[in-house]
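Below: a set of structures, written as structure tokens.
Across the two complexes that follow, chain A remains constant while its partner is chain B and subsequently chain C.
Let's turn to the complex of A and B:
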């Protein structure tokens, strides 16, 4: 028995969870959990503050990784076989349709949740100093998510995939000077073919996941270093602009001083860093507000995880991922549509190639990246930032309207046809 | 707050477990397993002892498939259609019934979908029968299934399927190529027909379309050719057989079935009667062919057809460069040939052509083959409606030499032209003259003009 206890002790290396020390050590001593602080603010955990969108996005990504690796075992990235492998998944592989559906719906879900997460961060003003650059990383994560979804779209090699990518890459090629070359580099040719499938596969299973994992690590780490989640707007102190101080950030305080090392004390960061070691001035009431991450935060996160997983599983049980006919370059569907999240751009392209293919996407990305530096207003209170909220809401609504119009209101020949009007396919 | 969290977590975990069980259950109860169980029960009925019965029933379920690399397909139909090659299942209920009358088309070499259509990869009924969205070739019904013979047997007659021969003949003589491309040759006014049989269009639709194009496809510029229902059926068969699939040599070698009828056709085409006689009827330069198959083995005859000089050094018989099945067809014809055949062949032969007439004949053939007849009519009468073109119809070519010089017409054929408009503001007429210079050789174009002018002179004489 002693041996077992010893082995257990060697693994967990912490005090029992019945003690406060044990609870904090559970978090600190564990490589997987140490991104959490030992204690978090009770109010920060409220559902209506974050809707747990960041976590849900992350959990969807975990689902995508696991199902994606499983799918890789059944997939060959060459034109005729790729499609046959899809058919095999559908008809022969045990739980194949379920696996593919989970991957598909989790991918769509991730695109949606990343976007909603961005909206939440904007509306709560959580991108403000010192979190400006984390917002920028977030924008890159959004772009990576879109790229992952887009590259994955081609892999089934059916008509839907083929033409969505053809249209999608055409939108990109409207960029001046480099557009054409960029498209050629991506496709490995002038049109979507064998080379394009292989390149998209490499991007989808190797390059982009690596990048997104690296950036996610930085994203999480910075959240932690910036003092955890931002305070809910309703907890902001009245009449006092919040100053957040990052540990290690230089301040206008006396230069670094280090005292002589005392023998009976281990060196900690506390001793070498000057300035306020904690991100906010902690009043006794606030200290009362703080709860241990374990179990308060962990259980909530676990619940978010279970909701995500069960949700995706339930959808996948009843709705299978679509699979159309084998890709046929000679047969253009009418209308050929890009993946839904690019349909807003396609809608713009249908009015003006320059506007939809170049100006709008470039402006959108630049505007998103510039937000934390352009918005000099230090206040996070909604009443102080009406303009910003209005502008961002217009941006969100415009995007949604364009996507809805492109998805549901565009029929053959890109004609404006409401979804409730049934179009009889003509001579074709 | 604290007390409820573990309960919610536990409830959700239970839900996740239930969902996983559901997913496993969904995946482990496919309909084909039920079919296999039913089939085993059917098989077990015929077993004499309880021991063998139990052994049959204990067969584990598995997916059956025929890998057909030469046909680029995998057919899993036999996963449910388990009695296809088992004659004892002659009276079994579907899907277990034995498939009689397959002849040389054994399932292990041909699978099912090459003839029947449907989705070979699927293991679920509706999907396998192709009656789902996004599958181009659903099962063919009894009325149309013989069209599939034309997928492999692309040339000559197919015994039992006269519709295919008729359909091909109509296609080449009615000028379909004027508007439609087939294997790269033809106009581009109508859709390319190279893979028409692989398109999801029901045979009924096609047949209807040939009888009344505008009734099924509103606004189609395709004129009504007033086909009879037999002709429409024949063309439908031909269209269904056009799939442009790549086939392995095992399958493509029977492109042409070596039938005596085809042999006779070749005999006429290659003018054998000019040197040979059958039972004394015909020429005497070569040996009489009556009973030749009794004197020589088929191999000997075949060798003779490949290289006459090798068998009889100094033989005056030319090499005809015939493919294997064409040679077999000729031998088959010779087995049954009679003096009456020779008589018929001789009487069907006209006088020898002068070079001018030969050019006109070639022009006439090209006119039909490249589809000019489709719009301008087999008798050059024109007259197809073409809204908003001058005169409202495709021009007749009967009086073309009154209005144009030969060079002008040559230029029109080479470069094509849009018809002059009736009303400048009206819509573009659906039919137009395509440019032919990339599809026809200069020689062909000249032949066609010669043919047009020859018609002209005749009508002048009759004037």
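Let's turn to the complex of A and C:
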């Protein structure tokens, strides 16, 4: 018995969890749980502040990694075997359809949740000082998520995949000067073929996941280093904007003081820097709001994880991932549509390829990246930022409308047809 | 080492480092550009002139081309790849126009854009007769829409 206790102690090395010290040490001594400090502010954990969307996005990504690795065991990235393997997964492999469906629905879910997460961060003003750069990292995560989904779209090598990627990559070739070359580099050829499938596969299973993992680490680290989550808007004091201080970049409010350096003593960072820390200053009564990360934060996140996993599993039980006919370069389905999250783009492109396919998305990304630096209003209270909220809402609604029109209101020949009207396709 | 020598060597080292990194990046980029394309040839024989009927064009699916044969004007070959985003267009004999299924571009009988977002007319390809009397289409050679091969 003693030996077992000794082994356990050698692993966890902390006091019992019944003590406050043990609760802190659980976090301190564990590299994975280090995402949180020992204590967090209780109010920040409220569902209605974050809706746990960042976590749900992350958990969906974890589902994608695990189901994706499972699928890789049966998938060969060359035409036409790729399609054959999909058929195998669909009809031969034990639990194949279920795993495929989980992977597919988690991918769609991640695109949706990353977007909603961005909206939450915007509406709570959480991109403001000192979190500007974490927003920028977030925008790159958004772009990477879209790329991950887009590259995965080609892999089944069916009609849907083939034409969505043909149309999608041709949009890129409208970029001035480099567009054509960029497309050729991505496809490894002049049209979507063997080389393109292999390249998309490499991007999808190696390059993009690695980049997302790396950036996610930085993203989480920054959340902590920016002082934890932003305060919920309902906790903000009226008329008093938060005072923020950045170590190394002192503001007028709190000049950085350094002690006189003595020749025979080395100073640790803690002794030298006497300015206030980087995060939002809190009053004493707010300080009392703090609770131990274990169990308060971890427990809630575990619930978010379980809800996400069960949700995806439940959906996958009832809805299978689609698989159409084998890709046929000679026959374009009518209408041929890009993946749904690019249908807004395709809608714009159907009016002007250059303006809609290159200029508009480029401006959109630049605008997103610039938001935290362009918005000079220090207040996070909704009543102080009516303009910002309106502008962002217009951006969100415009995107949604375009996607809905592209998805449901475009019939054969890209004609404007409401979804409740039935048309017989293939008039030719 | 004196200050001047240090700076000189330092600058030289930095320049060398940048050059090295630059060359490596260039090499990686070049690595990603295939030196050989294992793709269908751009120039291909499509058969004997007698194989093609007069009137309605023949659609060759794998090559994505339409072969037109006119009694007194001869042969012409049009690309079936829409100039908008690369979908395969169809030819409607009833209105003698090309229709794109993707975003509704319509091209006239001579390939010119009549409707929709396509920025350019459909391509017409050079068609020649080989020594053994077959038709050869060269997709790298774009010709004016009034180009004809008399056989």
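To be clear about the criterion, the second predicted complex is superposed on the first by the 388 of 428 C-alpha atoms of A that agree within 3 Å, B and C clash if a C-alpha of one lies under 4 Å from a C-alpha of the other, contacts with A are read in each partner's own complex, and residues count from 1 in each chain.
Keep this in mind: a contact is a pair of C-beta atoms (placed from the backbone, for glycine too) under 8 Å apart; a residue touches a chain by one contact, two chains touch by 3 or more.
This one's a predicted model, so the numbers in the text were calculated from it and none came from an experiment.
Bringing the complexes onto one copy of chain A puts chain B in a clash with chain C. Residue contacts after overlaying the shared chain place A:306 against chain B, while chain C stays out of touching range.
With both structures placed on the common chain, the touch criterion links A:349 to chain C but leaves chain B unconnected. When the two structures are aligned on the shared chain, A:91 is found in touch with chain B, with no touch to chain C.
By the touch criterion stated above, A:222 is placed in contact with neither chain B nor chain C.
Legend: residue contacts after superposition of the two complexes on their common chain; A:336 is shown touching chain C, with no touch to chain B. Once the two complexes are overlaid on the shared chain, A:185 sits against chain C while remaining clear of chain B. Once the two complexes are overlaid on the shared chain, A:163 sits against chain C while remaining clear of chain B.
In the three-chain model built by superposing on chain A, chain C overlaps with chain B at stretch 181-189, while the rest of 181-189, 235-243, 289-297 or 451-459 show no clash. Across the two superposed structures, the residue set of chain A contacted by chain B and also by chain C is 330, 428. Note for the complex: chain A touches chain B at residues 80, 84, 87-88, 90-92, 94-98, 158-159, 295-296, 299-300, 302-303, 306-307, 309-310, 313-314, 316-317, 323-325, 330, 426-428.
For chain A in complex with chain C, the residues that touch the partner chain are 163, 166-167, 170-171, 184-185, 188-191, 193-195, 329-336, 346, 349-354, 412-415, 428.
The touching residues of chain C, when paired with chain A in their complex, are 32-34, 37-39, 61-62, 64, 84-88, 90, 92, 99-104, 116-117, 119. Residues of chain B touching chain A in their complex: 1-2, 5-6, 8-9, 12-13, 15-16, 19-20, 22-24, 26-28, 63, 72, 74, 76, 121-124, 127, 133-136, 191-192, 195, 217-220.
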